[in-house]
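Have a look at these structures, which come just after this line.
What follows is a pair of complexes built around chain A, which joins chain B in one and chain C in the other.
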Partner chain A sequence: MKKYDAIVIGAGHNGLTNAAYLAKAGLNVAVLERNAYIGGATVSRELHKGWTYTNCSYVCSLLRPEIARDLELPRHGLQVVPYGGGVTFKRDGGYYGNYYDHNRQYREMARHSKRDANAYERYTADVMKQTRLIRPFLLKRPPDPTSLKLRDLRDLTEFAGSFMEMGEEGLADTLKFWTKSVGDFLDEYFETDVIKAHLGGTGVIGTALGVYSPGTAYVLLHHYMGDVDGNVGSWGFARGGMGAVSGALAKSLLGYGGEIICDADVDQIVVKGGKVTGVALKNGDEIHADVVVSNLDPKRTFLDVMDAKDLPADVVRKAQNFKIRGSSGKLNIALDGLPTFNGLDKSSPLMLGDMHFSDSLQRLERAYDDWKDGTWSKDPYVDMLIPTQTDPTMAPPGKHMMTVFVQYAPPKIRGGEWTAEDKAGFEKSVIDQIAAQSPDFKDLILHCETRTPKEIEAEVGLTEGNIFQGELTFDQLLFNRPFPGYAQYRGPVGGMYMCGSGTHPGGGVMAAPGANAAREILNDLRQPNIVPGGYADD
Partner chain B sequence: MSAKSDDTMMLTTPFHSRVKEACGLNCWGNWMGYTTPNAYEDVELEYFAVRSTTGVFDLTPMNKYRVSGPDAEAYLNRLVTRDVSKIRVGRVGYTVWCDDAGQVMDDGTIFHLAENDYRICAYARAIDWFNWAALGFDVSIEDETAEVAALAVQGPTSCATLLAMGLEGLDQLKPFGLTEFEFEGETLMVSRTGFTGDLGYELWIAPHKAEALWDRLFEAGRPFIIRPFGTDALEMARIEAGFLQAGVDFMPAEEAVRNGRSRSPFELGLGWLVDLDKPVFNGRRALLREQAEGSRYRFAILDVDGNKPAQHSFILKGGKQVGTVTSAAWCPTAKTNVAFAQIEMPHGAVGEELVAEIYYQRELHWTRVLAPCKVIESPVFNPGRRRATPPAGF
Partner chain C sequence: MTDNYDAVMVGAGHNGLICATYLAKAGKKVLVLEANATPGGCAATREFAPGYSVSSCAQWLNQLHPAISRDLALEQHGLQWAAQNLPSISLDEQGKHLSLLGNKVEGANVSAEDRAAFVAFHAKTEKYARLLVKAFEARAPKLVESNLTDRLTLIKLGLGLKMMGRDDMSDLMRIILINMYDVMEESFDSAQLKGLLSLDSLLGSRMGPRTPNTVFGYLYRRVGETLGNNGQALVKGGMGALGEAMAASARAAGVEIRLQSPVASIDVEADRAVGVTLAGGEQITAPLVVSNADPVTTFQHLVGFARMETGMARRVSHIRCKSGTAKLHLALSGLPQFTGLDDAQHGARLLVAPDMNYIERAYNAVKYDEYSSAPALDISIPTLHDATLAPAGGHVLSAIVQFAPYAPEGGWEAHRETFMQLVIERIAAFAPGIREQIISSQLLTPADLESDYRMSGGHWHHGELSLDQIMMMRPFPGATQYGTAFDGLYLCGAGAHPGGGVMGLAGRNAAREIIKRGAAA
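Up next is the complex of A and B:
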């Protein structure tokens, strides 16, 4: 029986990041992964010969550049290539396009409304103000407001400082921003439906809330706070799909002497005398370690791989009450060629980015109504891209791969399990929506991987298929993520830690939770801190 | 102009065919999404055309807004810091407008075309704010940037040129006056305005007459040594004349992300544009408070020792940083090295001696100089011909 200094449960990108830092610090670390492959929701797989899908996450921006650099991810094969453009098709045959060039963007918006085009400058400045507030705290543990520890007080002072620096009006705006709906927020700037719909979609991605539900403005911010090479708010593709991120992290980890064990399904974290001693696998093996880190979401961590009697009742209750509602599905499609879209030239830069078909916030809200009704959206919101226009590695030359993220899809259909017919119905609603704007689309489909929340839960292990390991609403952010008292990555028993997206600063391929957790673990082990802080964002 | 309404590529102005022909250097810039020349043939010669003969600048991309309707005057009086009722029909007024915090959103000129009919020229785009500010007023606001082609005709022989073009009586037009002529069946509006600080006029016409106007102007101007000038030469002229530029010398308030980066009119040396006697206007309360409590910064024009332009320099007092330079140039006519600076209060009063920390490069070698400089009272270039009516022939 082997004993490690630390075991990380789950080879999601956060588990890998966490383990890489522990290994870099000299610890003897093993990552245990239930699946035969690593990556969790950060994965690329070939399911149709010659085509690589980026099965879950598909675009990259949030990944902290400090960590990518420090763990030498570029040397280990990671390249993030920005993509320009984006478009929302309108039912009436027109479209709204999104250009990265400022003036071109202005002219495109002005085509719909000069006033909106002008207001966009105010909108960008206002979103940037909020972005600047949150970014410095991504690579920090959230300060505990009830603690009198020096480190917490110092961090709190810094947080309060940046807050106060925004001025009286900035402060008021911030409080409103963090609690209001993305629809209300956009209504304050724009008058054109399609522009609001284009910008508003990111406010509900991965969230079981509608565009007019309070709290969704923050979700929009969560999608703005990343950057590609310093361009805050920009998004890019990881060459080879998001699996390239976990692949590079894995190489980095192995390079520091860590181990990854696949097909190792953890049954339970073993606790003796209020301290962890290791884990028991489903196959009966036991592996020992004084430190056990869970990359799983809070529900799976506390209600599945831990025994309730090892835990304070309070924690079990909080885990049960944790909001982690599945709301999204995904289609990954192998295409025989590049589809034609109504009104767009195939060489248009708009084709390179995210495409959508919901041309008003009303349609987005109606899509949410279906979710509340316990079924998939009949007129869904999709975030669709064809990365193979940018990335030559994911399909044979001349062929294409399409990634379609879909809102909304509930974890259960009116309380019952998804059936094969349900899944087919879900798939059809998406394909029909795309085909309505692309006459040759259906004929080009060679293979389609359809994932409802049921598959995402079963294959990735995300409870209810919630992509962020828990809703990104204000009540579950910062020192409330996953729950108060446990937001600094330490669990309720000695030697037990959390490092997944269920911890601060939350979901997305960011690697920040994993890195922040490593910093705390090393601190407890009285090891020097080798985890980088954030770049100054002045 | 672009042919297709959904064409999002770089725009060109209605003068483009002529501008392109004249732009021997093929040196282009991007001004608000329009392809505009940085220089045509030679920046120095272009600058001296403005100061010694006649220079012509295509200012079509300047944002132009038409404000009209029964409440137009009342609306503008609420919007801007100046008393608009004092800008009579046929006159032009320079002004700024502020947000509610008394921070400058932009500066620009108001053309009083007719009773309750105005045009505002602004550097930054403003339609959104203008509409917000119009709530409750019976007023219409149109963006007419693309509907009006405009040329600045600037320099000591500019009046002679325009007279020769047939604009009879133009020599009687006073500074900041505007008048109209007939031009090939269209109305040609002429104002005695400009951004060079010299004698000069601005010509406003419907786009389809733009090329004809250019041709007639250059034809008439040949004996008076006319030449087009680009943005680089304009930059030299406007610094020499003491004119601020939005986005360069101040951040338009709505675009500033960092708290404290915007400026009030007082902090930009534009307090003279603020009429606190007006009972209501945007930003008044904040400006009254600032007047009582004092400003954070002071705008200073610096006369800098030596001949190295103090671009991007820190301004020091007793070795401590007290300010930064926003614009700087060696001014060829005034033969002065000028810099505009934002100085922290209480520094920067007229006459105060400061030091500019200047970095410059010669043959890849960087040198740092600490150049003494002095806050001066007014711009270094302000010729009598700018105001003379009628102006002399040259």
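Up next is the complex of A and C:
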């Protein structure tokens, strides 16, 4: 029976990152993956012949540049192509465009409202200020405010210090930003519905909250934290789809001598005498290791692959109460050609970015009301992109791939399972919404893969299909993520760790949780730290 | 031209009267100017139909700080209780009601597990509320430019937090930021119990059970209980009698109160408040101007945006103070019969909040400036405890209605009658014969409450009690410790820390701050 220094359960991007760092530090590491392919929600798959679907996560920007550089991801084949632009179509046939070029952006905003165009400068500066504040803490372990340990007190002082530097008013602005709804936040700057809707959508993506729910301004910030090539806040496509990210991470891991074992479905983390001794697979095999790291979400980790008798009662209760709500679905569509959109030239730079059809915060909020009622949104918020315009490797020449992220879709329909009719209704509500602005869209569809939270859960293993491995609400952020007392990547059992998006700083293809967990593991093993910390901006 | 006052108070609301009394006791000569004909602000009794009177704005008394009540000797000045320690009863259309008082839940649909869980929940939240009381009794500490006083408060709060023990401390930090819905789902099975408690978390606000901040709203309400006000209380003669008692106490301390004297402006010279001008044109100078009006009224309408820098004007205009609460008053020819309630139970606080999703759906409407088609209600029949409010045999029913928009499309006049009938219909579902007993009815929309009581947005807390508007952010940075950017101008109303709800701490804290600063200068 083979024994490793460490086993990582799940070959998602955080599991691979974690394992890569452990391997780089000289540990003998294996990553166990249930599926026949790696990547978790960071995948590219050919589900229609000739097309590459980037069928879960679909854009790249949050990936920490420190990690990409450190693990030499570009050398291992990762190429991120930035995209500018984006558009929200209006019901009345008009649109609001989002341009990369600053002057052009100003003119476009002024076309809708001069006042909004002027407010945009202030808005951008304010959001960036918050981004700069939080970014250095992404690659740090969150301090435990209830602890009196020296390291926690020091980290806490540092954390508090950077807030204090902002001054009384700056601090109040920050606290407001963190607790406000994205709707209220945008109302303070803008007057035009379509502009607010365009900017506000990111405040609810992946979240079971509405644009008027307090706390969603933070979710907007979460999406702004990334950068492409040092350009803060910009977004990009990984060439070849998001699978390129996990592919590069895997190559990096293998390069450091780590192993990846696919089709290895973990049944249980084996605990003896309060310490982990390895894992038991569903096929009956047992693999030994002194360190077991779970890249699974907190519910799967503590309620599925761990036995309640091995855990303190409070952990089981906290895992049961952990909020990981399915709120989104996805459509991946193979197209026979590039669709036409009302009022937009096919060569317009707006075509290259994210497209939306919700032209007011009210429409976004009503989409959330449907979710609260236990059904999919009849007028959903979609975040749609056609990456093949930028990356022709993903479809045959002249053909296109469309990725449509859909908010909201509940994990269950009014308490019952999704039926085939429900799924068809969900798909129709999305396709009709797009077709209302694109007359030739329906005729161009060659294949459509529709994913409800149920499919996402079944394939990726994310409970309820929650893309962030747990809601990004304040009770589940920083020292509360995944739950109080266990927010520093260590589990309640000796040798057991967590490295998924369910830990600080949360989801999105950021790789920070995986790296932070590796740092803690190396610290516990009294190995020198090789994991980079966050750099401060400017 | 009058100029022999040390301080002029704008508004004779309860916080204004409390603040004025404390200032007078400290030797200051104070003039209180009130626009309405009676003192008390939202603590008001109004005749809404011939012979029928009601507490027309604030309805229940459950948060008044006992130390203030003692210092002002309110009982000597005429405050009498009509009833105390009333339970809350959540109504059920089939008559399977649930009753709650203190940590005891009774009712057909509550399991023994829920009963026990509620005892534990009650004890835990009581601990949290005690910590809030500590925070509420002091001025909100500044975090950055802190001084000794603020640091002591912070240390006291920090210690209080640590003293709870690690589990309670981390649990408080987890739940304080989130919504009641999730906490209820974690804690109880009974839909009725969850509905009742979540209604308590959001009365007076524009939030639903799923809105983050509502746990804070619940703890805020629990502060009253922690201060010793078990259950709900009614004032004899209605809440106006509380206003009168406070005014009597103020006068006894030497305060001069002028009613029907609306202030038109707070006069500022070189960033210093110098007095006020009345609507009639009379100018009154004083080195101190204290405003019991809400922050928007104070800064936007009385001082004027032209007098302040744009950053401050922007902060004022961003204060969220649109209410989602209306009030319905019914003059009845007899006692209405609620299905399944015995006569004594009719005198309790009666709630229509069958489950959390019901309240959430009621809330959905107000997000789009529409009114709830099935609103949640908080009902009282004060005449069961106080016969003075109605002619012999008659009764008054007063209901807090969640949710009604501040400004529905087309204006309130287009909707008032429809909405009022809809609310009455809702009550009739529980008290079938009530329509035949109605002699007269009155609906006060948020817009009415705004104009009657001069509260911007009609919000009874002068601004939403949400995490972005409490403690060191209430009402906005630069005015968080009662003093403002204008020398000599202070805030003492519900818009200041800790907020409203006839608690009186904003008024008392402001007086302390004014006295302290005066001594230092």
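Here, the second predicted complex is superposed on the first by the 538 of 538 C-alpha atoms of A that agree within 3 Å, B and C clash if a C-alpha of one lies under 4 Å from a C-alpha of the other, contacts with A are read in each partner's own complex, and residues count from 1 in each chain.
In this text, a contact is a pair of C-beta atoms (placed from the backbone, for glycine too) under 8 Å apart; a residue touches a chain by one contact, two chains touch by 3 or more.
What you see is a predicted model; the values in this text were computed from it and never measured.
Which chain, chain B or chain C, is in touch with more residues of chain A?
Per-residue touch count on chain A favours C.
Touching A:104, do we find chain B (first), chain C (second), both, or neither?
The first partner, chain B, only.
Looking at the overlay, what does A:114 touch: chain B (first), chain C (second), both, or neither?
Touch partner of A:114: chain B, not chain C.
Applying the touch criterion given at the start, work out whether A:485 contacts chain B, chain C, both or neither, answering first, second, both or neither.
After superposing on A, A:485 lies in contact with chain C but is clear of chain B.
Who does A:378 touch here: chain B (first), chain C (second), both, or neither?
neither
Examine A:184 and indicate which partner it touches, taking first as chain B and second as chain C; both and neither are also allowed.
second
Should A:167 be classified as contacting the first partner (chain B), the second (chain C), both, or neither?
Both partners.
For A:145 in the superposed arrangement: first (chain B), second (chain C), both or neither?
The second partner, chain C, only.
Could you tell me which stretches of chain A are touched by chain B in one complex and by chain C in the other?
On chain A, the overlap between the chain B and chain C contacts is residues 166-167, 169.
Provide the residue numbers of chain C that touch chain A in the complex, in ascending order.
It is residues 142-145, 162, 166-167, 169-171, 173-175, 177-178, 182, 186, 210-213, 311, 314, 318, 320, 357, 360, 364, 367-368, 466-468, 472-473, 476-478 of chain C that touch chain A.
Can you tell me which positions in chain A touch chain C when the two form their complex?
Per the touch definition, chain A meets chain C at residues 145-146, 163-164, 166-169, 171-173, 175-176, 179-180, 184, 188, 209, 212-215, 314, 321, 323, 362, 365-366, 369, 372, 473-475, 479-480, 483-485.
Would you pull the chain A residues touching chain B in the complex into a rising list?
My answer: residues 97, 99, 103-104, 106-108, 111, 114-119, 121-122, 125, 128-129, 132, 165-167, 169-170.
Which chain B residues qualify as touching chain A in the complex?
Against chain A, the touching part of chain B is residues 5-11, 30, 32-33, 101, 125-129, 131, 143, 254-260.
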